[in-house]
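Which chain is which? They are A, B, C and D, in the order written, and residues in each are numbered from 1.
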Amino acid sequence: NVYEYVRAFEQSDVLLPNTWIVVRIDGRGFKKYGFRKPNDDRGIGLMNAAAQGVMRELQDLVIGYGVSDEYSFVFHKDCTLFERRASKLTTTIVSIFTAYYVQLWPACFPETPLSMPLPSFDGRAVMYPSVRNLRDYLSWRQVDCHINNLYNTTFWALIQQGGMDAVKAEEELMGTSAADKNEILFSRFGINYNNKPEVYKKGSVILREVRYIGLSPQLD
Amino acid sequence: NVYEYVRAFEQSDVLLPNTWIVVRIDGRGFKKYGFRKPNDDRGIGLMNAAAQGVMRELQDLVIGYGVSDEYSFVFHKDCTLFERRASKLTTTIVSIFTAYYVQLWPACFPETPLSMPLPSFDGRAVMYPSVRNLRDYLSWRQVDCHINNLYNTTFWALIQQGGMDAVKAEEELMGTSAADKNEILFSRFGINYNNKPEVYKKGSVILREVRYIGLSPQLD
Amino acid sequence: NVYEYVRAFEQSDVLLPNTWIVVRIDGRGFKKYGFRKPNDDRGIGLMNAAAQGVMRELQDLVIGYGVSDEYSFVFHKDCTLFERRASKLTTTIVSIFTAYYVQLWPACFPETPLSMPLPSFDGRAVMYPSVRNLRDYLSWRQVDCHINNLYNTTFWALIQQGGMDAVKAEEELMGTSAADKNEILFSRFGINYNNKPEVYKKGSVILREVRYIGLSPQLD
Amino acid sequence: NVYEYVRAFEQSDVLLPNTWIVVRIDGRGFKKYGFRKPNDDRGIGLMNAAAQGVMRELQDLVIGYGVSDEYSFVFHKDCTLFERRASKLTTTIVSIFTAYYVQLWPACFPETPLSMPLPSFDGRAVMYPSVRNLRDYLSWRQVDCHINNLYNTTFWALIQQGGMDAVKAEEELMGTSAADKNEILFSRFGINYNNKPEVYKKGSVILREVRYIGLSPQLD
């Protein structure tokens, strides 16, 4: 095949060995979906079901962490799946996730069949050289989750229970601290933020369990 | 957010300006699906429907070319979608394609509902600096289509009409030229390969039409 | 050698085929050298001699273009030197250039022996997909040469012949057009910029000549 | 400047944060130089002097390791020199090294003035995520040094003292272990390899010393 020379234009995108690989995917234009506010259990359930599908099909993944319309998947630093080719890793995760998301949608949202444009996700791979960096990555996403959720919970309380419109609620929250928001929730609406479901405040975690049965204890 | 420094670990993957960008996706493990042999009009129809979904949602795409379980999408060399970030381009195409593929599956295969693992695709981006390279890329895929289809057509004729098993059919074809295969088809099975549907022999093409209405003619 | 696994951490940096490769090098901290103003023939001569050394040792180079403390070297788009590995191409050119620059310095500046820190250069590789891009690259550097040289010529005339200090001269030139600068040079100092040596106004070019002797004319 | 768009073709080559960066340079075609065999103190001295120049000019370097015609330079994992741009780091080191090598040549080899082609070096950058990887990298180079030096010492003893030619000496050494070579050196030539200078057996190391004066001891 005289045209096969074009294959040489494919460039290597092999990720550095001995680094933790995080693939983060994020829903494209998910603001437009009519999810319940501030949290939609059906949406969270669907994200988690899709992520479980990914973890099941890709045994090299060790952690999944999800919040809002995003999910982060962690490959172990010793992982050699697809020779660590970035495009293979990202596209495969995005594709499996999307397949489950679309397939399981009707079970989570029986009353709203999907219409075009269908839900889809982008994805990227990031390398983290140390466990500390990896932990900080997960902390970054989780702190983001916490900040957004406290904001959203208060914002939607002001609207849904306080009768404000979005502009007014945003003004009300401008410049407020976390303590202020807790106070607004409690004093005006009798909501104790601490009692809100953990999954809203902290996001969802999927861990691959490794069980050592009958081994001698000296593992490194 | 003290953890935000981890964002700095995301590396740039911006593709070179003024190059044609081809994103080729390919079904993962599609051999295991029970498609009709040598060609399955339902499978081809589904691939094409998904590709149309991609072309509709991403207006920057100018060409789509599909054969077997793969599809190539061409971004114009001047395209600036996602600032030409490779991971965004590949994952978005793979995700949209997968969403349509899963969503439209029941319409194409009403008698075989999807089961896990769901169909999914990998993807990659390749740059081509010249129109000649781009054309050669498409020729490469199309010549591949032709070679595989002639082989498969003959192979399955030997099995389905000739009563051979797969091992025997493979032996029979070993070392045969294109002319030999045409001859086998014609003399043994009365099949004229030239009369086979074009879509089997050449694959599927989607072009974005640009219409110039009422413009003065001096375009460059 | 049990440690050899570390070799796997070397990542591919192969440049895209069929693109023009420009390696531009630039003197590090050259402002501190006491070159004659606005142009120093000895400095220009040394840069050109070093560049000739590079062109002689690397036969794959087709063009060299120099101005000020920088030089651009162009590899043909079909070049396969070092398998087009970026680091090999850049470091080799920088190293050869530096070697000649240091070695030939005494011949060009007999009265000022080199002292530490010695002159050195950085370098980078850039790909250009089309001849048009390549030509525009060279035009970019040459227009830069022209603008800087007109500015410097006028700036130093104001100082050397006009008796201004640097601050005053800079003020005088602020906001002036090219025509204004030509006018200043001519009316105040009797200098006709057009008569200045071409090498100051346009930079230096090295071309590799290809001679076809006794060939039949049908070349493509 | 209408041509400035060509700047956008420069692609990012920023190295991953929090990784040790090793720049290894290697003499181009150094076999052709007539260095004394098996080791040339003048050549080693010149390499080390050039490396010291590099370490002096680039304060971000923490380790230098040299053997034969190569030198490895280590940037601390927190280094931000040139924003960690690979091409800047490699070309700058190669250029400074080359400048010193050429400049100091006459002092080391007074009887053999340099002639063209001048000595030059290539270079590359490699990232190592962990201290363990970095140590293994240095061990890799040092074990290489040891193996090559034992071989070369024995090879040249067979020639210089044993009167063999190169082909014969190579045959003699084929398949021999380290112990065999030690034995050949001792029994035939009365050479105790252990008594050879450390610099031949282990290479040269340059460390940047960090002195803590009057600090409380709890550093991490």
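Quick note on the criterion: contacts are C-beta pairs under 8 Å (C-beta built on N, C-alpha and C of every residue); 3 or more make two chains touch, one makes a residue touch a chain.
As the structure is a computational prediction, the values presented were derived from the model and not from experiment.
Engineer: Looking at the contacts, which chains touch subunit A and subunit B alike?
Structural biologist: Neighbours common to subunit A and subunit B are C, D.
Engineer: Have a look at A-C versus C-D and report the one with more C-beta pairs in contact.
Structural biologist: Output for the comparison: C-D.
Engineer: Which one of the chains is farthest from subunit D, going by Cα centres?
Structural biologist: B
Engineer: Same or different: do the copies subunit A and subunit D touch each other through matching residue numbers, with over half of them shared?
Structural biologist: Mostly the same residues.
Engineer: Let me have the rounded angstrom distance from the C-alpha centre of subunit A over to the C-alpha centre of subunit C, please.
Structural biologist: Comparing mean C-alpha positions, subunit C is 49 Å from subunit A.
Engineer: CA centre of subunit C versus CA centre of subunit D: separation in Å?
Structural biologist: Centre separation, subunit C to subunit D: 30 Å.
Engineer: What positions in subunit A touch 2 or more of the other chains?
Structural biologist: Expected reply: 9, 11, 16-18, 127-128, 133.
Engineer: Which positions of subunit D touch subunit C when the two form their complex?
Structural biologist: Listed in rising order, the residues of subunit D that touch subunit C are 1, 3-7, 9-11, 13, 25, 28, 53, 56-57, 86-88, 90-92, 94-103, 114, 116-128, 133, 136-137, 139-140, 143-144, 147.
Engineer: In their shared complex, at which residues does subunit A touch subunit D?
Structural biologist: Touching subunit D: residues 16-19, 77, 127-130, 133 of subunit A.
Engineer: Mind listing the subunit D positions that touch subunit B in their complex?
Structural biologist: 8-9, 11-12, 14, 16-18
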